[in-house]
């Protein structure tokens, strides 16, 4: 019975909302749009976990199963090499396949196995190669295009990837042999820290939506008052009237859900076109977590009803008009602080308990704690605004008008601004969390990009081949200087020590003086010199004694392993004596210096004529390349040369720090998200301001009549907007930093930058300006004398 | 009453959209006199007042005030003139609800750059003169309509204006309060030498004037009927 | 109320017989007090005497009721003067004012003027009463208020009439 009454009244209200003429419809649509944007953002945030999880799934489904070692070649096995290359700032992932027989499994996403020398391209890579921007990359991929990689073989629609059938892989390559594609699908979607982020993000997004609904309830103030009074006049009782009013906002909220779902559906179609945090997803992978989505879908309409009922609490709707409690109850502080404290109490014990690598966290205390904290902060705002404006002294007329208005009805202002508090608090806390993560991922590499920008390495090259490689790099356009050495080893000859199964060894690098200087501080160097480089155990390297035990002036070393392991790759018969080399008596001992990649190398450095390079075993050719910054695409030209030398070569960009570009885009994302949320708040603030102005049309006109300047009233509107927003932002900064610290401590992280709130405060200031600017035309229009006319 | 008119309007036209509110209205006001502007509703009474006070610029015609043509002044100049030389009383909705009554009365003085303390002291003195000094610290929402109009009259008089424009000042009041407000307004304006342009449709209110004019269909008619 | 001026005014639209005049008068102004024939004849003979009307013709059968009267130039001026002269403000003036307004319309003269003139006259008295009220004691105030309210009622009726003049004009001229 009770339920039926509720349903009837709510439905009646909903009908008023859509059939209440143009203003009523406009109000409903405004509410729906605001709620819709909020809901869409919310759904997108709730989709993040699944989206990221789905990437991991896709990654593991398409990868070669490396969980078991595949031994012999069979018709259905293949050799493979899985490596990415960099083109400009994009990562191009590659899978090189070389079937052992005629029945290799199809790589995911392929409809047919490419023939030798052919490759399959992802659509994005195909577009890139077809465009002029891809010309340089095309040189790096010497394969015929045979087809397109389907969705199964890709992580996201914008992924750059190719799968090629090659003929140069041997079993010595690092990846080896495979027989099938597809790892086990990971079970736990994400690390705990990410869940923490998403949860906080959702809460941060949900609350402004609710605040918006609460503001929207008050849209169309006077007109709604008249309608509600009319309802009372025709016999509706007070609770019924309230329920009808709630029904009106319910209609807006439900419509908003539809709008939100629609916007979300549209937005996910674009999920593939945007790459944030290197993440770019198939629309079908953008699916909100059911629990979070359900929460949003239930919370928004229920909240719209509850909020309306609460909002009408202090309002007496009488048949002849609506009376607002003239002397509002004094706002009490204790229960607001209690909420805040309860939130903190739930969060603080988590400190240090959530680790980045952990895959599950207890989300309940995090969510409840965060929600309580944010709600507490929001409820604190009206008290703060009230307490704050009470202390403001009157200044110029504009300031006096604004302050007095706030003193008399601080609630309206506080309500509108509370959305900003939530959004700003959340943005600040999230920024802090991300900065901590960013710091984790941004470590100094020790590398020195002023010395070289690209490092290159390839196995199984002789010294002459290394020289040829160096010459090829040196010839490459855009390469200012290339320095190459071959890295072999020197062993101590003679019988093994007791209890050891291999001879002590140390690296032996051969190169010209300029190249050798990259590894050690050489006093003077001429061809024919030899140096022993000691790193003094830096970076976990061996003690100096271990090196000098093998290499010192006058010592003889073996240039091949005198005791090779039985199944070793060295094809030399075990009994043949290894070639020996005597270090010259003038060999100097020098200190190591970090090479361009930041490593302290040790061992023997020899100039070419000091050692018979023909005696060296199979060695590793290393190059570091300094680029000419004036040449466009110099790095990609060098990478092309590297790929031409050996597609399986190791190529690395040298950077001073490993800055993950991803993180700056996340920060941008948070700022964009919080800006959108705050724009939503600004919209409701604007509507409130405009309505308030319209309600005081007469007053404005009479103020103009006795000569009030336009600027006086404009400034008063500015102050009236600025004061609550400023207070709200102050609260948000304090609350956001506090929440951020607690959440960081929960993740065992340190605060990186206390100034993260500056951009958020900047946005807030921009909003003040925006709302004021947008209200001015209406203000000036209303200031015309028309308002004085009675008819 | 033989002095030159303080305010003289000739041939005023004003239209809001397609409907003419004033069509060739003439008007003159001598210093210190109280003139009632009568006429049926919609006849253009208020529009005439708005034009005379420089709130609205007429489409045609001239308004001479104290040797200046109001229609030739800029918006800023007219605003300034209204602050210094004119006072206003409207039917309702003219007091700022957030400000106390004293602050409301002090508002025009403060707009003229007077210090807050001095302005409010003068405001309270005027409230006392209009027998509502008890409401000085109250807000407009907490006082009666009659008190509110007296506060409004105090606000109109506080700058010692030369002309007070009153648009249906008793329109929202009962007879007794209306009479009281009218006698206070006319007495105070006579004492200070302010002229009053009183728009009203009530004869009893118009009876407080020295003479009346009638606006009908946007024209001002002389009281004498020529056959 | 001046019957003579009223009958004169009725004659302005064209010559009429005595009995026509009585019927026209009764239709428009008589209400519950129709004119006696005697009143008509005595009034008309006074008007004849004063040269405000002339006998336009007499129908066969004789008798005063058979005379057709027509207004003279002097008569027209007299009506105009009468209409232009405001009545002394006093309670229960409506019938006179009404007659004046209707006649003004019937004779094609504007009625606004009558109303404005009357309002002016009323206001003159009301100003006087207001001044007396201000200076007098409570009893004076009460007496003045009584008069003021009645005068105001007159004026409000006038305003209402003025607002309805257009419709009235249509009705009267029908």
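Going by the order they are written in, the chains are A, B and C; count residues from 1 in each one.
We take it that a contact is a pair of C-beta atoms (placed from the backbone, for glycine too) under 8 Å apart; a residue touches a chain by one contact, two chains touch by 3 or more.
By chain, with names taken from UniProt: C = PadR family transcriptional regulator.
Keep in mind the model is a prediction, meaning the values are calculated, not measured.
Participant: If you tally contacting C-beta pairs, which pair wins, A-B or B-C?
Facilitator: Per the contact counts, A-B leads.
Participant: Among the chains, which one keeps its Cα centre farthest from the Cα centre of chain A?
Facilitator: The most remote chain is C.
Participant: Hey, how far is the Cα centre of chain A from the one of chain C, in Å?
Facilitator: Each chain reduced to its C-alpha mean, chain A and chain C end up 94 Å apart.
Participant: Chain A to chain B: how many Å between their CA centres?
Facilitator: 65
Participant: Suppose each chain is reduced to the average of its Cα coordinates; what separation in Å results between chain B and chain C?
Facilitator: Chain centres of chain B and chain C, defined by C-alpha means, are spaced 38 Å apart.
Participant: Over in the complex, which chain A residues touch chain B? Could you list them?
Facilitator: 326, 394, 397, 400-401, 404-405, 407-409, 696, 698-699, 702-709, 712, 785-786, 788-791
Participant: Can you list the chain B residues touching chain C in their complex?
Facilitator: Residue list for chain B touching chain C: 36, 38, 40, 183, 201-204, 206-210, 212, 214, 216, 221-227.
Participant: Given the complex with chain B, which residues does chain C contribute to the contact?
Facilitator: 80, 83-84, 109-110, 112-114, 116-117, 119-120, 122-123, 126-127, 129-130, 134, 148-149, 151-152, 155-156, 159, 162-163
Participant: For chain B, which residues count as touching chain A in their complex?
Facilitator: 16, 41-42, 46-47, 50, 53, 55-56, 76, 79-84, 86-88, 90-99, 103, 107-108, 110-111, 116, 139, 141-142, 155-156, 165, 167-168
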